[in-house]
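Here it is, the structure, as structure tokens.
When the chains are written out, they are named A, B, C and D in that same order, and each has its own residue count from 1.
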Amino acid sequence: MIRFEHVSKTYPNGTVALSDVGFSVAAGTIHAICGENGAGKSTLMKILSGLELPSAGSISINGEPVRPDSPRAAAALGIGMVHQHFSLIGSLTVTENILLGQEPRRGPFVDRAKARARVLDLAARYSLDVDPDAKLATLSVAAQQKVEILKALSRDTRILILDEPTAVLSPPETEELFRRLVALRESGLTILFISHKLKEVRALAQQVTTLRAGRVSGDAPMSAISDDEIARLVMGEAGTSAIVRPEPQSAEARITVRGLTLRARDANDRLDAIDLAIRPGEILGIAGVDGSGQRGLVKVLTGACQPDAGMIAWDGKSVAGANTGALRRRGLAHLPADRFRDGGSRRLTLTENALAGAHRNYRFGPLLKPRAMIETTRGIIDRFAVRCPGPLAPLGALSGGNAQKIIAAREFGSNPRFLIVDQPTRGIDVAAANFIQDQIVALARSGCAVLLLSADLDELLRLSTRIVVLYAGRIVASLPNDPELTPARLGPFMLGLEVAA
Amino acid sequence: MIDLLGLVPAILRVSTPLILAGLGVHVSSRAGVLNIGIEGMMLAGALAGVVISALTQNAWLGLVAALLAGAVLAALLSVAIHLLRADLVLSGIALNMAALAGTTLALFALTGDKGISSSLPSLTLPMVRLPLIDDIPILGPLLSGHNVLTYAGLLAVPLVAILVNRTPLGLAMRAVGENPEAAAATGVPVLRVQVTALLISGLFAGAAGAFLSMGYVSWFSQNMTAGRGFIALAADVMGFGYAWGTMAAALLLGTTEAITLSLQGFGVPSELLQAIPYLVPVLAMVIHARRRKRREAH
Amino acid sequence: MIRNALAETALTLAIVFVVVALVLVPLAMTQADPVGVVTTFLFGPFKSIRHIGNIIELATPSMFCGLAVALILRAGMFNLGVEGAFFLGGLGTVAAALILPLPGPWLAPAALLAGAVIGSSVCVVPGVLRARYGASELVSSLMLNFAALFIGLYVLNVWLRDPAAGAMVSFKIPADARLPRLIEGTRIHIGVLLALAACGLGALYLFRTAGGFESRIAGANPSFAAHLGLDVARIGLRAQILGGLIAAFGGGIEMLGLYQRFSWQALPGNGWTGVTVAILARDHPALVIPAALFLGWLQVGGDLVARNFDIPNEAVGLMQALLLVTVTAAALTRNPRLLRAFGARSPGAAR
Amino acid sequence: SEPKKIVFLVNGNLGDKSYFDLGALGMNQIKAKYGDAVETKVIEMGTDQTKWLATFQDASEGDWDVIVGCTFEISDIMVEIAPQYPDKTYILIDGVVPFDEGKFGNVYSVTFKQNEGSYLAGILAAGLIADGTIPADWGKSIGFLGGMDIPVINDFLVGYIEGARSVTPDIKVAIAYAGSFNDAAKGKELALAQYRGGTAIGFNVAGLTGLGQLAAAKEAGRLALGVNSDQEAIFKDSDPEMASKVASSMLKKVDVTLLRAFDLYIAGTLPVGQTESIGLKEDAVGLVETGNMATLAKDPLKARIAAAKAGIVDGSITVSSGFVVSQADLNTLRDSVRP
């Protein structure tokens, strides 16, 4: 139904994102597209959805050549896209976001009642539950994801593109989404699905196309291809190292949290009498549906805000009132969930992003030593296999996964005594994810206390020594990570159906 | 000595250009374009109104010309920032320079005088007596009998609020102003929305200029806006993104100005009096920001 | 890299020529000597040492103000108090030079220091209000510029006014405090060296010191800075203090270098020029120097044309405004095709 | 012979309706009178003071014979430039150079006694109230709207007050300064505030700002006095109603003075190396007596003004100057007339 023929794309800055890509997508199927970070997946989808124009090549739908030159034109062709980075407006309501550009009118005005009804109708039709009147910025990421999907479906959509839609969803939410997608396919939609998670691809797709460095490296029906083969097509060679989980190295907790309470304005951030203890060498995993208080917990532990009650101690000594700077000087490191908002600056160079914070170590008298900084960064680029033009390129020129590696390298490289990692591998290809996970484990092994927050239960179960489940700002379970612990066992706690604290 | 009867109309007069221009800044700011060139647009509007009303002997046509002149300059700014992709702030500054030079030049070409259009028989916009209110004893003279643009400015506040909050265009403006990439990905025609907002901004600027040259006085004189555009920029920022807020800020600015004007001659050195209208808004902003900060802390 | 930078410069110059041709040539045609008009504009400023001197005289305060604005913008602040700081710095310096009972060689440095501290308040107060209460520094600095003007005029009128002079001007600045001239036949004074040094130091600070780096981090992305544990409010305030000091120092230099007495009755506008310079220089302290010289050339060339021909200076002003827009027009200066035509290598090939 | 070349360097912009415009008018009159025997030019130097010296230097380097500048601000520049170019002739209007230093044999300076003209304006304003020409319910005080609180403006003020006091010793004068010379709207607002406070007739000395007073007079139905040029004439055709509110204007005849100086220069009798202070006696300042004044003022008042003028000319009346009065005395004076 959709045919890509000889599609190439060179960005104005000279990056060749796609070269001579050609394959077809059958109508009424879910078609997966896999590839490592920066392989060109998003670029190809942006071309289909009218956000970018191809430098060469053509696309046809049902045999008709098409050349969508704006999202509007693509929508007219029945193409809707859920973007990897949401295209939502924080200060608008859910309804306004979903219907932006196609509002029902009454005279010159937006017909608010009708708009609201339409959103409720959409939500019911696709069983995606949203509050039509909520301001978007107050929603959890998962809820925003639903809004983004509803938005894509709100225009008479026949081709739905999902660019890593599950990266921010918890497993129950992912399952729910998959059921919807299957239903959508059955109702005749064609779905293009991008994911780094092979399990998901296997569960959903009928066909998979793999991209490597902008070229098609494989295209096969799911039934005719093994996971290993996909991994090989994506990365050139397969290989996942087995992880040996670290063990706590002392009985003394490095970080102790008692009765921690945060009465934030945003309900998603609230905390209610949290108790935690993290020992050196231990990775404490935090599970929970997005918006269960994780963000508040991270804010308080990183000194971004002060709790309303309770205490935090490092090595038994209270750090009440300490701000981020003070905690960092004690040995805090933090890999944030939102890498571009908090983790770095697109405008600054890779060197500057990689060494910000540590820059005071690179001083000669009052001056910084740029050479030494660049050299260190070169080392990071090599060690973390960052695909980039060089250490002086702006961070914005990197694909998201590669940017994530630079930011991780900075945080891991500061010799932390307490490391908070928040969704460390979200949106990252398998090889890079393995690499980052290895680094986390290695840090723990060297005696760092690690707090791991992840929406990816497999990741939590792979890395954590213990897992604590948050629900509505409270700890509902604290479980040792033994072989009996499975995603299925965690599910009820995460949804607040069971409590075992 | 300060008589309320005289002061209220004075406040309205002083505030009117600030409200009109402030709304202009507000509209374009909501769409993400800080209209530094508002001063120049006002100046162009002031001149166009005078010239056309003199030529046609019709004040309304003069007003229309003023609005259009503001919009034309807004279109020029749009060409600079959208077509040529020049720096927004610098383009605004350049537009102000160009408008000052251009209006002087045009005035010279038309009248042989660089300073004032007094040789043109231009008209003024009428004062409006509000039918019923006019008869109320004290309130009547306070609320009635102002320039038509004063009422237009006040009336425009809810209209702008509705435009921004209730119409598809307003929705698109807010989306574009907050996150142009996301809006573009959704299919909002970012360019068209910004150009429209800028043109509306130009219309308001033209009206503000017309008020000066066809309401306050009945002529155009060189650089007669005297920095009011910049005060309007401040009014918009002080309004925290709301049309009503912009109006409140403009009224605050106008009130301090009007009061200090009528305080002249009481022995306070005039320079110090002239500083007050610039200090009070800062104070007001600090108090407001402090209250907000305290509120947010809880 | 260098090749591309050269191409960019060549393209910018070409744009200048085209705009001049488009605007000035038709104007020149109305004159008896059209060629003279164009060459006077383009090359007149370089024809005599005095006119070159004029460019540099004009560029000196622009460098200080441009540098101040660049440092403030880089830290993510939008403080327009540079205008008021320049004014008050000039007044403060003159006041100090008149009041301080210091021996000759100490007078100028002491006066400049005092002026810098006094003048910087116009930037510092909005900075503090921003850091402490979150009040928009854009608005408060815009307002305080005017407040500084009128309060300054009051001070001038009451304490510094020379009653023997027939206008509201201060007493004459003592000869000891005047800055030495550098080049015979021009009014270029030692202030230009200080301005150049300031820009150099500014670049060094911004790109080679920890403090400057932190300032750029906070400016590029405040939540990133917060994530790193940097005190964003303090960094912003530091930049505004620094910018205020530099601008006010520039005002003092201008007074001691070119004036006989303090005689400003209105804001002199150098701060606005500073905004223009900083934008032209893309907030880079080193590029502030060529940007300021460019504006100086534009001014002197325009003045020469207006002075020597029957072309109103408003027409020249229009052309200058157009030039400002076009030299920052990314659609022209960043156009890959145009750049290639001027010898740039395509970025893809460079990789 | 070669035409004589004269250039007028404006330290600001034309269009001020004050001496820049009047100076330019004088230049036109010179051109009209001498035709091809002269070459004239007016150059606007703008408001950036650092450019002024450079421009004077350029003009002096050029082949101009006579270089004209005005306002006190130009004095210091002439001090620096004139000795460097002894074969040029400089005319300085409204400013002086220290002639006693002996270096300025090529500078002719002329200052205006605007206080004398303002004295007459004061008599007129107070007289119109005193003799009942102005209805009593308009108020009893007179107004003064200045551009800035600076000596040259206060020179007008001092003369104005003295003149008014000579009619009504306890006259009240509402005084305001706009802080700007181009903000007509602000001028109108200030004048309206004065009219509201019981000012029957106001005197504006504030350039384009001051014209706002005329709009205020029209709106409030009061009277105004113009300055420098005939402000009734400015609006006579375009807005007769407003023009009818201009009781008179105090003239400062920069144009006449400039033409006269050039006449003397051509005749070789220009008194260079010294300063002339010209006022009523030289007919360099004065009141517009045609127009509204002719019909408005009653004969006794006209006679009174004529007498005062004669007194000033023959020296029996001396008017204080705003240039020499100290700030403290000025404040006392202003306080003493406050309504």
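Methods note: a contact is a pair of C-beta atoms (placed from the backbone, for glycine too) under 8 Å apart; a residue touches a chain by one contact, two chains touch by 3 or more.
Labels paired with UniProt names: A = Simple sugar transport system ATP-binding protein; B, C = Simple sugar transport system permease protein.
Nothing here was measured: the structure is a model prediction, and the numbers come from that model.
Colleague: Using the contact definition stated above, find the chains touching both chain A and chain B.
Modeller: Touching chain A as well as chain B, we find C.
Colleague: Weigh C-D against B-D on C-beta contact pairs and write down the one with more.
Modeller: B-D
Colleague: What whole-Å value do you get for the distance between chain B and chain D if each is reduced to the mean of its CA atoms?
Modeller: Averaging C-alpha atoms per chain gives centres 34 Å apart.
Colleague: Could you tell me the distance, in whole angstrom, between the mean C-alpha positions of chain A and chain C?
Modeller: Comparing mean C-alpha positions, chain C is 45 Å from chain A.
Colleague: With chain centres defined as C-alpha means, what is the inter-centre distance between chain A and chain D in Å?
Modeller: Computed value for the inter-centroid distance: 75 Å.
Colleague: Residues of chain A touching 2+ other chains?
Modeller: Expected reply: no residues.
Colleague: Would you please write down the residue numbers of chain B that are in contact with two or more other chains?
Modeller: Residues 104, 269, 271, 274 of chain B touch two or more partner chains.
Colleague: Can you list every residue of chain C that touches 2 or more other chains, as numbers and ranges?
Modeller: Residue numbers touching two or more other chains: 150, 153, 157-158, 313.
Colleague: Which chains touch, pair by pair?
Modeller: Touching chain pairs, listed by label, come out as A-B, A-C, B-C, B-D, C-D.
Colleague: Taking the complex as given, what residues does chain C use to touch chain B?
Modeller: Of all residues in chain C, those touching chain B are 129, 133-136, 138-140, 142-147, 149-151, 153-154, 157-158, 272, 275-276, 279-280, 312-315, 317-318, 320-322, 324-326, 328-332, 334.
Colleague: Hey, which residues of chain A end up touching chain B in the complex?
Modeller: 51, 70-72, 74-75, 81, 83, 86-92, 96, 100-101, 103, 105, 108-110, 112, 151, 265
Colleague: Can you name the residues of chain C that touch chain D in the complex?
Modeller: 50, 54, 57-58, 61, 150, 153, 157-158, 161, 163, 165-169, 187, 254, 258-261, 263-266, 268-269, 299, 303, 306-307, 313
Colleague: For a test of understanding, state which residues of chain B touch chain D in their complex under the given definition.
Modeller: 1, 3, 6, 10, 13-14, 17, 54, 104, 107, 113-116, 118-122, 212, 216-219, 221-224, 226, 258, 261-262, 264-267, 269-271, 274
Colleague: What residues of chain A sit close enough to touch chain C in their complex?
Modeller: Residue list for chain A touching chain C: 10, 12-16, 302-304, 323-329, 334, 336, 341-348, 352, 356-357, 359-360, 363, 366-368, 370, 389.
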